[in-house]
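Some notes on the structure that comes next.
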Amino acid sequence: MRLMSLREALAAHVADGDCVALEGFTHLIPFAAGHELIRQGRRNLHLVRMTPDLIYDQLIGMGCAKRLTFSWGGNPGIGSLHRLRDAVEHGWPRPLELDEHSHAGMAAAFCAGAARLPFGVLRGYLDNDLDKVNPRIGRIECPFSGERLAAVPAINPDVTILHAQCADREGNVAIHGIVGAQREAALAAGALVVTVEEIVDQLAPAMNGIVLPHWTVDAVVHCPGGAYPSYAHGHYTRDNDFYQRWDAISRDRDGFNDWMREHVLETNDHAGFLASLRVEAA
Amino acid sequence: MSAATRDEWMTVAAARMLWNRCVCFVGIGLPSAACNLARFTHAPDIVLIYESGTIGTRPDVLPLSIGDGELAQTASFVVPLPEVFSHYLQAGRVDVGFLGAAQVDRYGNLNSTVIGPYESPTTRLPGGGGAPEIAAHARQTFVMLKASPRSLVEQLDFRTSAGYLDGHGARARTGATGDGPRAVITDFGILTPHPRSDELRLSALYAGATVEEARAAVAWPLLLAETVETIAAPSESELAILRALHARTREAHSQPVVLPKSLVGGA
Amino acid sequence: MRLMSLREALAAHVADGDCVALEGFTHLIPFAAGHELIRQGRRNLHLVRMTPDLIYDQLIGMGCAKRLTFSWGGNPGIGSLHRLRDAVEHGWPRPLELDEHSHAGMAAAFCAGAARLPFGVLRGYLDNDLDKVNPRIGRIECPFSGERLAAVPAINPDVTILHAQCADREGNVAIHGIVGAQREAALAAGALVVTVEEIVDQLAPAMNGIVLPHWTVDAVVHCPGGAYPSYAHGHYTRDNDFYQRWDAISRDRDGFNDWMREHVLETNDHAGFLASLRVEAA
Amino acid sequence: MSAATRDEWMTVAAARMLWNRCVCFVGIGLPSAACNLARFTHAPDIVLIYESGTIGTRPDVLPLSIGDGELAQTASFVVPLPEVFSHYLQAGRVDVGFLGAAQVDRYGNLNSTVIGPYESPTTRLPGGGGAPEIAAHARQTFVMLKASPRSLVEQLDFRTSAGYLDGHGARARTGATGDGPRAVITDFGILTPHPRSDELRLSALYAGATVEEARAAVAWPLLLAETVETIAAPSESELAILRALHARTREAHSQPVVLPKSLVGGA
């Protein structure tokens, strides 16, 4: 593990064309890292995320992505991801290939990836049209009962990027609260970059808690607020209001471009991004 | 107290269908309001699971997202998301799953993926998320949606989640372990499947709603159940509790987010 | 969930011929429950446990078991389980059918059972003789890559019995420390009986800890010391000395029978068992 | 300080083969002593995993069982056992796995299952446990055992864990992802596989042990490596640290177990 700046870490670990998963299910979405990928101008990424959320709307709208593996692509509780829709419906700013799953299927694929099995098995994709549009959804027969089940190929991203609450100086990373498929995405990856709210001398004891041990972590980045406008349990809450405002910001191409220029492209880093939004501080 | 809105009718009707100690897989929006209303009224020990991994959660206000901190904070415990789907849903440990959809057909099959062809949709919807397997494995599902001939359709553009397929017992011949959609709760009343054909029929109307209204909101020729029951209006107490819940929710979510000062030194 | 006495709970949930898993990996082994099965004279059980340990040595030596599914059958750090050996080598007191796995295979089988999949997949049983003696070890081909992997049928015991630190009055059960395959064995079972050190009004907060929620639990039994001579983290330590003494106690049939009569058959319950051993109390 | 026993020689020899920050899958007994000796000497940041699920554990005394509370208490964290095997071992995240066995053959294949036929054994051994997959997936394995013609045998009664199979590169053609047994550490010295034939040869002797002694302890005609190195005796410091570790362990484990008084009211 190396302690790096976000800029260094992403320059070192993410190349054009890589398969990249920025995971975090509502909670701990690595916004700062997503913005930095945009600033660095990454192209042709194969993005992986169960729930694309606003950060993938931004990456897609900025032309970083060529392909998307996902299972639910909306603005939670609000509606559409307009940039995702524009890419799928009109190919703007470029066409986006979809590799579409259900949550259960994608979770099974991440689990298989973490265990380095070539495929995951589930009772799923039953009598619906998903396997007609996704050739990666297969079937497998139980060698004992003959029963047919669904199979999905393992997901093993080149790089997984997470945001977490805490790392210690060795690089052990602790996550608590809603953990989604973060641990599986982390252990499935070729390289693992984690931004954290805090770096501490000693992690709080959490015998059966969720820890990514230091030798599975390639880079740790100290990046307070790195999940904003998503949230970090124990540090700050989700900015639901921002999620609502995004609907208007992202609805048309020009408004989106202006906003991204002002707040992401023309800010230096995440602190600059937060300052540009005048997020309130206690 | 002012008359109930149609959203309130739907929420109350759904809440009444839940029982104490039932295990619900909850989605955001009306289902979340219905489940928590049930919890604050007749079903205090209802077990709520949100797909973010929060099990046995007891939020004081409604979450705006499926993974609000409030859900984790008030849960019995929080599991990684893959376990929600494998160890709880797939394992048959969920009594009731709530689903929404852009389109429902007469056999309770759902579309939440695309309007138009998949490869060149006129409207790209969010997609299946948890729904395909909730539809398969929850012991029963309740579908909640606002009715119109564009949502209650003759033919789905895409089948995201299987209901009764082509009806007439077709579902029983598949690998789905749950019983399928036992009710579609709309803004005029409730549709339930015919015991043999599985076709959704009008089985209950909100007091004040009419069969004509129902028929106008459904694209297929809507059949009536042997008896169409009348659903009593939300009681004073139901409405008061639901409105207080919404008021608490608005209040909680109107608090501006505050980041630790160190983060926004420049602002 | 019902709060019951150990006697009631096992009489209600375990019948002759059942497939029963008493799990707990070194830690939290449900000794009290095993002894009660012996007192109740259960027969023809299909016992399941990764590491049979002393409690299965006792059940086997007392003639309760017909079949054993396991992956490592020794007295940890000390040597043989003499009663297990006597049953396998000489059919005393009755022959014992073996369904033998590796730890990885058995873990995969429990995971499949918990997820209600018919089989588990692993990269395992590679070029060894285990699949020659266990017809339940199969092979499966990845539907995408064609790679061949091992498959094992899911384990779904009729009853799983655990010992845990704590339950609340609703029946939510919390386990911490070394958890082995307890959670998987619990969720794989037809019925789940849990003995606990303590029943409390409210479980300690453990957001991402391991909890078996009340509606997965069929009976909770208040049984302090129920893991002794195994241990309950935070309550008492493992009686390593007892594990050493067991080697001599169990070595011959008469000595074993005498000991079991005195300490298990002729004691009424677990408190009586502990008293008969004069275990020191603080 | 008294001369080192053969157990101490073995422990010290194994400890010296470990490096700082290597990830070890540890078994009880000599391997556990060796790994912790390495941690207390030249490899302070070695990562120890016991199959009970304790990851990054730093016990102050040696555990008597694979799941002692001390291991959990001093671990970075504890995972359910299935994850140790799937997410760590199978996933290729273990550098060194330690194995013991009742029998080892000339190609490093191991038997820990039975002596005699499986269906009617003369001696039923504990069985494979974690070994079959440790043998397959740890990047390398070290085997520790006391040598005799009954343990270093011409022909195994049962192959529990694959080493190099029939040698000559056979292992590379299998699904095993690890490199196999890189050393067999015995009480006379160390055997290592021939680079092409994979046959175990004598490559190092403890100072004072002889080739004759080694040959007498091996049932097959033991070949010598090009150079047979001499392993230096345990240093004063290694012995002192190891003996102190054992003394702490004896002291800790001689404490009688005390149950809360309420449990043993009758006694």
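Chains: A, B, C and D, in written order; residue numbering restarts at 1 for each.
What we mean here is this: contacts are C-beta pairs under 8 Å (C-beta built on N, C-alpha and C of every residue); 3 or more make two chains touch, one makes a residue touch a chain.
Remember, predicted model here, so these are calculated numbers, not experimental data.
Common neighbours of chain C and chain D (chains touching each): A.
As a whole-number value, the distance joining the C-alpha centres of chain B and chain C reads 40 Å.
Rounded to whole angstrom units, the spacing between the C-alpha centres of chain B and chain D is 56.
The multi-chain contact residues of chain D, meaning those touching 2 or more other chains, are 72-73, 78, 86, 90. In chain A, the residues touching two or more other chains are 116-117, 122-123, 147, 149, 177, 179, 206-210. All chain pairs that touch, listed by label, are A-B, A-C, A-D, B-C, C-D.
Listed in rising order, the residues of chain D touching chain C in the complex are 28-29, 51-54, 64-69, 71-73, 78, 80-82, 85-86, 89-90, 113, 118-133, 136-137, 158-162, 165, 174-177, 253, 255-267. Residues 114-117, 170, 172, 187, 203, 206-211, 213, 215-216 of chain A are the ones that touch chain D when the two sit in their complex. By the touch criterion stated above, chain C contacts chain D in their complex at residues 25-27, 50-51, 70-74, 76-77, 80-81, 84-85, 88-89, 100-105, 107-108, 110-111, 122-130, 133, 147-149, 177-184, 210, 224-225, 228-229, 231, 233, 235-243, 271-272, 274-275, 278-282. Contact residues on chain B toward chain C in their complex (touch as defined above): 21, 23, 45, 47, 55-56, 72-73, 75-79, 86-87, 90-93. Residues 116-119, 121-123, 136, 138-140, 142-145, 147, 149, 151, 153, 176-177, 179, 206-210 of chain A are the ones that touch chain C when the two sit in their complex.
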